[in-house]
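Below is a structure I'd like to ask you about.
Labels run A, B and C following the written order; every chain starts at residue 1.
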Amino acid sequence: MKFDTLIIGGGLAGLVCGIYLQKHGQRCVIVSSGQSALHFSSGSFDLLNYLPDGTPVERPFEVIGALKQQSPRHPYAKLGEDRFKELSNCVVDFLAEAGVQVVGNPEQNHYRVTPMGTLKPTWLTFKEQVVCEQEDKLPWKKIALFNITGFLDFYSRFIIDEFQRLGTECVLHEISFPAVEGLRQNPTEMRSVNIARLFDKQENLDELVRALKTVETDCEVIVLPAIAGLSRDNVLTYLEERVNKKVCLLPTLPPSVPGIRAQQQMRKAFERLGGVYMLGDTVLKADREGNSVVRVYSYNHGDIPFMMKNVVLATGSYFSQGLIAVPDKVYEPVLNLDVDFIANRKEWYDMNVFAPQAYEAFGVKTDDDFRGISQGQVLDNVYVIGSILEGFNAIKQGCGAGVSILSALYVAKRILSK
Amino acid sequence: MNLQEHNISDNNFEQCIKCTVCTVYCPVAAVNPAFPGPKQAGPDGERLRLKKNNFYDETLKYCLNCKRCEVACPSNVKIGDIIQSARIKYSEKKPKLRDFMLANTDLVGSLSTPFAPVVNAVLGLKPTKAVLDGVLKIDHRRTFPKYAFGTFESWYKKEAKKQASFPRQVSYFHGCYVNYNNPQLGKDLVKVMNALGIGVQLLKKEKCCGVALISNGFINQAKKQAEININSIRESVNQNNLPVIATSSTCTFTIRDEYPHLLGIDNADVRDQVELSTRYIYRLLMQEDIKLKFNGKKIKVAYHTPCHMEKLGWAYYSIELLKLIPNVELTVLDSQCCGIAGTYGFKKENYKTSQDIGESLFRQIEACDIDYVVTDCETCKWQIEMSTSKSCEHPISILAKALE
Amino acid sequence: MKQDTKKPFDVIIIGGGATGAGTARDCSRRGLNVLLVERFDIATGATGRNHGLLHSGARYAVTDKESAEECIKENMILRKIASHCVEETDGLFLTLPEDDINYQSKFVDACLQARIRAEVIDPKEALRLEPAANPSIIGAVRVPDGAVDPFRLTSSNIMDAKEHGATILTYHEVLEFLREQNRIIGIKVLNHRTKEIQEYYAPVVVNAGGIWGHNLAKLAGVNINMLPAKGALLIFGHRVNNIVLNRCRKPADADILVPGDTICLIGTTSSKVPFEEIDNMQVTPEEVDLLLREGEKLSPLLAQTRILRAYAGVRPLVASDNDPSGRSVSRGIVLLDHAVRDGLEGFVTITGGKLMTYRLMAEWTTDLVCKKLNVNVKCDTAEEKLPGSREEESEITKKIISIPKTQRNATIGRHGDRAERLANNTSLDNSLVCECEEVSVGEVKYALNELDVHNLVDLRRRTRVGMGTCQGELCACRAAGLMTSMHKYCTRRAKEDLASFLNERWKGMAPIAWGDTLRESEYTTWVYESICGLTLSQKQEE
C-alpha cells in the first residue's frame, strides 16, 4: 500500500495533519488503534492556560518567551514565538473548513463552563457552547437550565449554584417524554450519546421543542446539556427558531457528543479529500533503511506493508497507548523512539492527585523539527506530533489541544516543504 | 523488574479503562434498551461473572457479534469475544428447533437446493411465513434468500479439469451461500481468477464455517466443522502449497479469528494463508506485472463495509479493486451495521432491532444514484436487497461483469 | 442536643471497627443504652484494611493453638449469623517445591487438634478445584477458610445495634475523658462535621480503638503497650482464584491470596512502624515488589493481572515480648478491666484479637460491662442472625425480581435481605451510578438515607461505589451529584468531597500506577481536572 504519508493515530493531531496534507495534494493514510480522546472532549480546545511554573496565562502570545525559558523542550518553545502565532491564527478557519465550527482568539483566552458549572480558561469553544469573556461573569442574567430526567452525567445542582454565585439566576427544568423513558429501561445506557441519538430523530426533536416551550420564563437563554446534534446539522438553530430564544449547550461527562461530532466531521473531511482512514488497526513494526522508516506493518494488513515517504506518529499519551509505562520505564511501543522519563518510579507521582505529576510530562524526544529520535539518532522521515511529545504537561498547563493542532500543522507544512 | 510487564488478561478485558467509547458504536444498544450494551455485557459483566456465574444475563444474546465495539475500543479490549465467550460458557438456554434450522445452513441448503424452485416458492408463500413466524419464531416479514437449483460444487465438478490446467492455483473456500444460494458468485470468482492466469481448486472437504452454529449455541458441532475445515486448509496450504481464498468476509473472519478466539482451535500455522479474494488479488496486482482487461462499460456502485470486514480492516482492498474498473463511479457508504448479522435478523424477537439498526444505512443507499450496492458479505446483501430498492453484488461479481 | 448529653448512657463504646460495632450490638441486645463514637467512619482502621479472610484457624494451628480454636469456632458462627457477609470458598494450603513437605503433616495434625477440618488432597485435584493455583505445587491441604467482607460485617452490626436502640455517632473524636476521682464517667467529643464539642456520660466506657486504643488509654491515664505492625496488601482487578490460597509453611509475608467480592487480594507484609505514622500508611515500591514476587508463587496468574490498588493497615498487637516483626506476638484477645489492672473505674479496653474474633471479643467485653452494671442477660449474638442475613437468597430474589438481574445479584450480595428496601425501585432508581460494581441510584439513596453516610468514602464502604476497576472515574461524580440532589450537603462541599475522594483513590493507585492503572489515572485526571475543572484547592477557597 503506497502513500505519501502514513499517520499513526487518528485523533485531533493525526486528523489535522492528515487534512492539511491531503488538502495540499498528498495521499495519506491514517491508521488508528481505536477511537480517540476527542470522544471525551470538553467542547473546547485549550492553547495555554498556565505557564509551567503555575502562572495563569490570559494572553498566550505574550508569554511564549517566558515559556521557552521555563521549558526549553516544550513543543511551543520548539515552534518559537513567530510560528506559534502564525499557526494559531489560522486554526479557526482551518477547523471550519474541516466541518468544526469554533469561536475563540489565540491572543486572548476566553472562558468555558465546565460540567460542574465553574469557568475555566480556554482558546476555542465549539460554537454551540457557552462562551464567557470574563472569568467571573456569565453573559446572561437569567438562564433556564434543562436536564433530561434520570440523566446522571450532568449535574444541574452544581451548575445552578455556581451560576448563582456568578450573579446569574438559573432555574432548573426537567424533561421527560416516552422516548426518553424508553432509554431509561436500560440501567446504563442513558448516556449523552444515546440521548443525542434520540434527538437526531425529528419526532423527538419536536418533543424537545414542546418541552422547551411549555416553560414560561423570561430567561434570556436556554441551556441544555450537550445531548443534541450528534449527526444532525444545525440542531440549535432549529430549536432557537422554534422557541424564539438563544439555546446553548454545556458539556457533560463522557462520552462527549460535541467531541464525537468533531471527530466524525474531521474524519469525513479527511476522507472527502481522498484520505484513507483505517480504524481498529495496530501498527506492529517498521523496517528502516538508514535513518528512514520505509515499510510499516500492521496487525490487520499482515504481510502487506504500508510504504510511504513520511511517517507521522500521533499516537497520544498513555491513554491511547502512545506511551506505555511499566514498573521500571516508559517506552514508545510503535517505533521504539527515545522517550524522556525519570528512571525512579517513586518520582513519577505526587501523592496529591491534583498536583503536577511527573509522569504527565514524559514524552517522546524530538529535534526542533519534531523529528523522532531512535537511540540518539534523529530519523529523517519520522515526525512526532500531539500529546505523545515531551516537554509539557497538557493538563496542568492547559495546552493539550493547542500542542496537538499546532504541532500537526507545523509538521504537515514541514513535510510539504521537503 | 519484569513482573507485570505483560499484564494482559484474557481477551484484554482488564485493559478496559471504562472510557465508554464502545457504547457509542454499538448498533444494538442504540435501538434496543433490553441489551445491556457492550461495556456492561462485556468487560464489566465479565468481572462479575468471574465472581459468580449467576451474573450471566441471557440478554447477552442480543449482541449481534458485529465487533464494532472492538474496532472502536482504544484499549484493544476484545469486547465482542468476551460477550460471545460468555454466551458459550454460561448460557443454559437450550437452542430451539428454529435455531437449529437457521444454524445448519449446510444441512438445510443441501436439502433445499435439489428442490430449489419448490422451496423458494414455498418459502415465499404467506401460509409458510405464518407457520415459520408462529411456530418457529422466524419473522414473517423476512424474505428468504433464494436457493439455487444445483450447487456450486456440482457446477465445479464439470469445471475441475479446466481449472487444473492453469499454471498457478489457489484453493477456494466458497461457503454455504455460494454453494446453495448464489453459485454465480463462485463462477464469477473463477472467471476473475482465470483472467489473472490462476486456476481455482476446491478444498478436499469443506464444511460450513460455523458462524451460525456459534451464534446459535451449537458449539460442539461448530468445533467439529472447524476441525474439518482447518484440516482441509492445512492440507491445501502445507502439503499442496496453495493459499486459501474466500469471497465471504464472515467466513474468512470466522476461520481466521473466531476459530482460535471462541472455539479454541489453533490455526496459527495457516491463519495468514486464509484471506479474502480481493486482498489476494490486490497483492498480486501490486507485486506482479499483471493487468486485468476491462470492457469499459459505465457502472455506478456504492460500497457497503460489512461489520466483519470493518473488523478485518480489509475494505480497503475491495474498494481499491473497484477503483481499478474504468468508468466506475464509486461511493463509499458510511461504515455501519446493516442489522442482519447472519441469522440474528431472521429471529422474530430481533426483527425490529435488526431493521432499526439498518435504517440509516438504507436511507443512505436509497439516496444514492447507483446500479448496485457492493459488499463482501452475503447476509448484508440479503438485508440490503430486502430493505432497499437496490440490488447488491459482491465486488468479485462486479469485477467479473467489468471484465472483457 | 444539650439536654441529651445530660442523660447518661449505660455504656459508651469508642471505636467503630468490627469490635466496637460488635460490642455495641451485643450491649444493645442485652438491653443497655449504648452510645458508640467513632473518629471517622465505621471500619476505617484495621477492620477495613486486612485480607477479609474468614480464617479457618489453620494458619495459626501450628504456632498458636488458642487462636486457631477461637477462629474455627467463630468461623462457624459467622457463616450462620453473617451469611451475607461471608463467602464459603474453602481454602487450600499449598506446598511449593521450595517449601518443606514435612511441614504438611505437622500442619494437618495441628489443625485436627484444634478441630479444624484439614484434608490432604492430591495436587492435581487441588489444581482442578482451583486452576489459578501454582501448577508446580507438590502438596495441598483443604481447610474451611472463606472470605468475609469487613465493611458489610461492621455495618450490619451497627444496623442491629441501632435497631436495638443504640446511638451511633461517626465523625466524633474523643478529646478527653471526663473523670470523677478514680472513675471515668464520660467523654468529651469533637463533632468533626459541625465542629461542636459535646459531653456524654456513662458508667462504663469501652476503649475499642484498635491500635488507636493505645493513645486513648494514655488519654485516660493508663498505659497499654501496643505494637503497631504495618501490613501492606495489593488488590487485583478481578477474581483470579475462587478458593483462598495459603502457603503451607510457617506464616510469612505475602502468603495469602483471598478472593473477595469482585476482586482478590494478596498480603501481607509485616513491618514495625512508629505511632506517628499510623494515620498515614503508605505502601512503598519495595513492598509492592515483594507482594508481587511472593504472590506470583501462589498463583502465577497474578503476574498478568492488573493491580487496582495497594493499601496498608496497622495491626493492633499487644506487645508481650520484644519481637520486632510483630509476627510471633499472640493474636489472642486482650480484655483489660482497668479497675482491676490500674485502679481506674468505669474503663475497659478490648484489643488484640482479629477480625475473625470480633464477636467473641464483643461478647467478653459485654459480659464484663454487664457484670459492672449488674445486668444479667445472656449473650445471643452467636445465634441471632445479623440484619441482611436473615433470609435465603432465593426468597430475597423473589421480592425484588423487578430489578435487572446483574444489579439484583450485586445488591443482594452487598445487602442480603436488606436489598428488599429496593423493592419499589423505579426505572429511575435502577439507573447505575457505579457501572463496575452495579450500584444503582436506588442503592445509593438507601445508603444515604439509612446507613450513616456522610461523604463519598463512606458511601464506598457501604456500597462499593468506586471500588471497581475504574476507581471512581464516572461514578464518583454521579454519586456526588446524587448526594447534592438529595440535599445531603451543598454543592461546594460536594465538590470538596469529590476532590478528596479522588485523592483517597489515588493514594492507593500511586504505588502501582503503571500500565493500565496509569492509563486509567490519566483518563480520570482528564475527566475531573481538564473537563470538570476540579481542583483540591476548592477546600482552601472555603
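Criterion: contacts are C-beta pairs under 8 Å (C-beta built on N, C-alpha and C of every residue); 3 or more make two chains touch, one makes a residue touch a chain.
Since we're looking at a predicted model, the values are computed, not measured.
Using the mean of the Cα atoms as each chain's centre, the chain most removed from subunit A is C. Remark: the per-chain Cα centre closest to the mean position of all protein Cα atoms belongs to A. Subunit A and subunit B have Cα centroids separated by 35 Å.
Computed from the mean C-alpha positions, the centre of subunit B lies at a distance of 52 Å from the centre of subunit C. Computed from the mean C-alpha positions, the centre of subunit A lies at a distance of 42 Å from the centre of subunit C.
Counting partner chains per residue, subunit B has residues 1, 3-4, 17, 19-20, 36, 39-40, 75 touching two or more of them. Along subunit A, residues 37, 40, 184-185, 187-188, 254, 319, 321, 326-327 each make contact with two or more other chains. Under the contact definition stated at the top, the residues of subunit C that touch 2 or more other chains are 289, 404, 435, 474, 514-515, 519, 523. Residues 1, 3-5, 17, 19-21, 23-25, 29-30, 33-37, 39-40, 70-76, 272, 279, 282-283, 286, 310-314, 316, 332 of subunit B are the ones that touch subunit A when the two sit in their complex. Against subunit C, the residues of subunit A that register as touching in their complex are 37, 40-42, 114-120, 149-150, 152-153, 155, 157-158, 161-162, 181, 184-185, 187-188, 190, 251, 253-254, 256, 317-319, 321, 324-327, 345-346, 348-349, 351-354, 357, 359-360, 394-395, 398, 400. Taken together, the subunit C residues at the contact with subunit A in this complex read 282, 285, 289, 404, 407, 427-428, 430-433, 435, 440-441, 474, 477-478, 480-482, 484-485, 490-492, 494-495, 499, 502-503, 505-507, 510, 513-515, 518-519, 521-523, 525-527, 529-537. Interface of subunit B with subunit C (complex): residues 1, 3-4, 6-9, 13-20, 36, 39-40, 43-48, 50-52, 54-55, 57, 75.
Here subunit A touches subunit B in the complex through residues 1, 33-37, 39-40, 182-189, 191, 193-194, 197, 254-255, 260, 271, 276, 278-282, 298-304, 319-321, 326-328, going by the rule given at the top.
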